[in-house]
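Read the structure below first, then the notes.
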Amino acid sequence: MREPHVVRAPSIKPASGLPAAHETHGEPRPGVSQPRLNEPRVAVDVDIPSDVSQIERVVSLVTDLCRDLSLPKRHYTLNIPVALSEALSNAIIRGNHEDPSKYVHLRATVSDVALVIDVTDEGSGFDMRDIAHDPTSPEDLQREDGRGLFLMRQLMDRVEQIHGPHHILRLTLNR
Amino acid sequence: MREPHVVRAPSIKPASGLPAAHETHGEPRPGVSQPRLNEPRVAVDVDIPSDVSQIERVVSLVTDLCRDLSLPKRHYTLNIPVALSEALSNAIIRGNHEDPSKYVHLRATVSDVALVIDVTDEGSGFDMRDIAHDPTSPEDLQREDGRGLFLMRQLMDRVEQIHGPHHILRLTLNR
Amino acid sequence: MSFTLKKQGDVVVVDVEGQLIVGNRQELKQKVLDEVEKGERKFLIDFAQTGYIDSSGLGVLVSLSKKIREHGGELRLADLNDDLQTLFELTKLDTLFQISDTRERALEGF
Amino acid sequence: MSFTLKKQGDVVVVDVEGQLIVGNRQELKQKVLDEVEKGERKFLIDFAQTGYIDSSGLGVLVSLSKKIREHGGELRLADLNDDLQTLFELTKLDTLFQISDTRERALEGF
């Protein structure tokens, strides 16, 4: 997904680095023509030290981008900042255990159809399906923790995991 | 430089996708250790339709990023917006001849040492060394055009070309 | 990002400027607990100047509320904008706190 | 981004809100030339609300100035912030235009 920044000319195929409507998941389907771009399509990559004090600034960076690309206001004032903070703090604290030798990588792409955010950590991962308790239930309402995944699921259209050499949490918010 | 957005876990090596101090140009040197990151390091990729009306919003996107990453104010109010506008309008008008089937690609990376912006167009390129006239000379002062490269050179620390399958103009501004 | 504590009558009013998130929630917690230690019992957090709150920020509000109640006091909230109101509704925390539209209204009934 | 033209005395004052760049400079050019066509001769462009200007924006200022001079008129500029002042100095265009600190000062001497 990332490669050394070498002096080499990229091939310009619109959207080749960015998800098109039909390829937000999985490999691009051969033979499916690329939709015409009428708007800039953007991908941002951020390497983040495993330090929670970095979260606020990384969140601003993504929300400013979303504002510049004319996403709905509510998305960049509520849905994205809250869900992204959750994903980043889980990656930094639960995934990387705040180990300063480890990094969290964020990749956010904005296309005409959706914002997709991948948050990658260097931890051993977990299984999201195990986290299904309801923090709004009377038993849990007064608990201090356990609202992170719940909020991401409430505020995003999709929350998914990708298990590979590194753990990735993918948040998708349709436009 | 860009690849299809497939579901695949990236390997996390800090700065592997982004230029470190010693590798802003050329291949990363093997055996040179990566400097420790204390700040988020950011790369943004934008596919831009060949339409000058897109310039303002793409410029905001980059200047907002630079503000969020605490670059000096003057950089994101003067140097970057002006130089980047020049690079984009040259790429759209001179490079792509405003052909709607062509795109301009922007890649901006911010590290602790510099902002590096690559603007790639689908035109046949030109040789920057041929453009050496001085638009501040009395003969040229009243000309309407011919100030683009001059301004980029004045406002950036380095302006370079990369000739490959596509024409790339690289702007570097040290922090 | 900063927290300002002011006494209005017998109520400690806390202004949250900016975000209330994992990076700074301990600071809020400590500042309020220090006041509880000193004997204060009525607390009002005013969110008029607050951006967003994450789950750990919400968690701190829940735990402070509990701690203050254990000391016979109360924590109330005021001035949630639409986004924050939504956040409290999503998490049903709007049922746990007394939430007022304005600081004045919150102080009146306290 | 918008251009507003107002008559103050015998001077046409143009406010440039936002950027003056390749995407909108033609609009400015046309608006001013229309006024020249109608017989106006004194023009003042006020940059108090302007963000940045690119080389094509500078180019339009140069060509408008020339055109207005050919008709026996003059184009003056006012209210450049530090960034814009630097831009005019870099390009030596500060030697081509009469530039005033404020709109009032520019109008006084016109």
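In order of appearance the chains are A, B, C and D, and numbering begins at 1 in each one.
Basically, contacts are C-beta pairs under 8 Å (C-beta built on N, C-alpha and C of every residue); 3 or more make two chains touch, one makes a residue touch a chain.
Remember, it's a predicted structure, so these values are computed and weren't measured experimentally.
Colleague: Spell out the chains that contact chain A while also contacting chain C.
Modeller: none
Colleague: With centres defined as the mean of C-alpha atoms, identify the chain lying farthest from chain B.
Modeller: C
Colleague: When the centre of a chain is set as the mean of its C-alpha atoms, what distance in Å lies between chain B and chain C?
Modeller: Once rounded, the distance between the two centres reads 45 Å.
Colleague: Any idea how many Å lie between the Cα centroids of chain B and chain D?
Modeller: One centre to the other, that is 29 Å.
Colleague: Using CA atom averages as chain centres, what separation in Å is found between chain A and chain B?
Modeller: Centre-to-centre distance between chain A and chain B: 25 Å.
Colleague: Considering chain C alone, which of its residues make contact with at least two other chains?
Modeller: none
Colleague: Show the residues in chain A shared as contacts by 2 or more other chains, in ascending order.
Modeller: Residues of chain A touching two or more partner chains: there are none.
Colleague: State the interface residues of chain C toward chain A in the complex, per the touch definition above.
Modeller: So the residues of chain C in touch with chain A come to 1, 18-19, 21-23, 51-56, 58-60, 62-63, 66, 83, 86-87, 90-93, 95-96.
Colleague: Note which residues of chain B are touching chain A in the complex, please.
Modeller: For chain B paired with chain A, touching residues are 1-12, 14-19, 23-28, 37-49, 54, 57-58, 60-61, 64-65, 68-69, 100, 102-103, 105, 107, 109, 120, 122, 162-168.
Colleague: With touch defined as at the start, can you tell me which chain A residues reach chain C in the complex?
Modeller: Listed in rising order, the residues of chain A that touch chain C are 52-53, 55-56, 74, 77-78, 81-82, 85-86, 89, 93, 135-136, 141-148, 150-151, 154-155.
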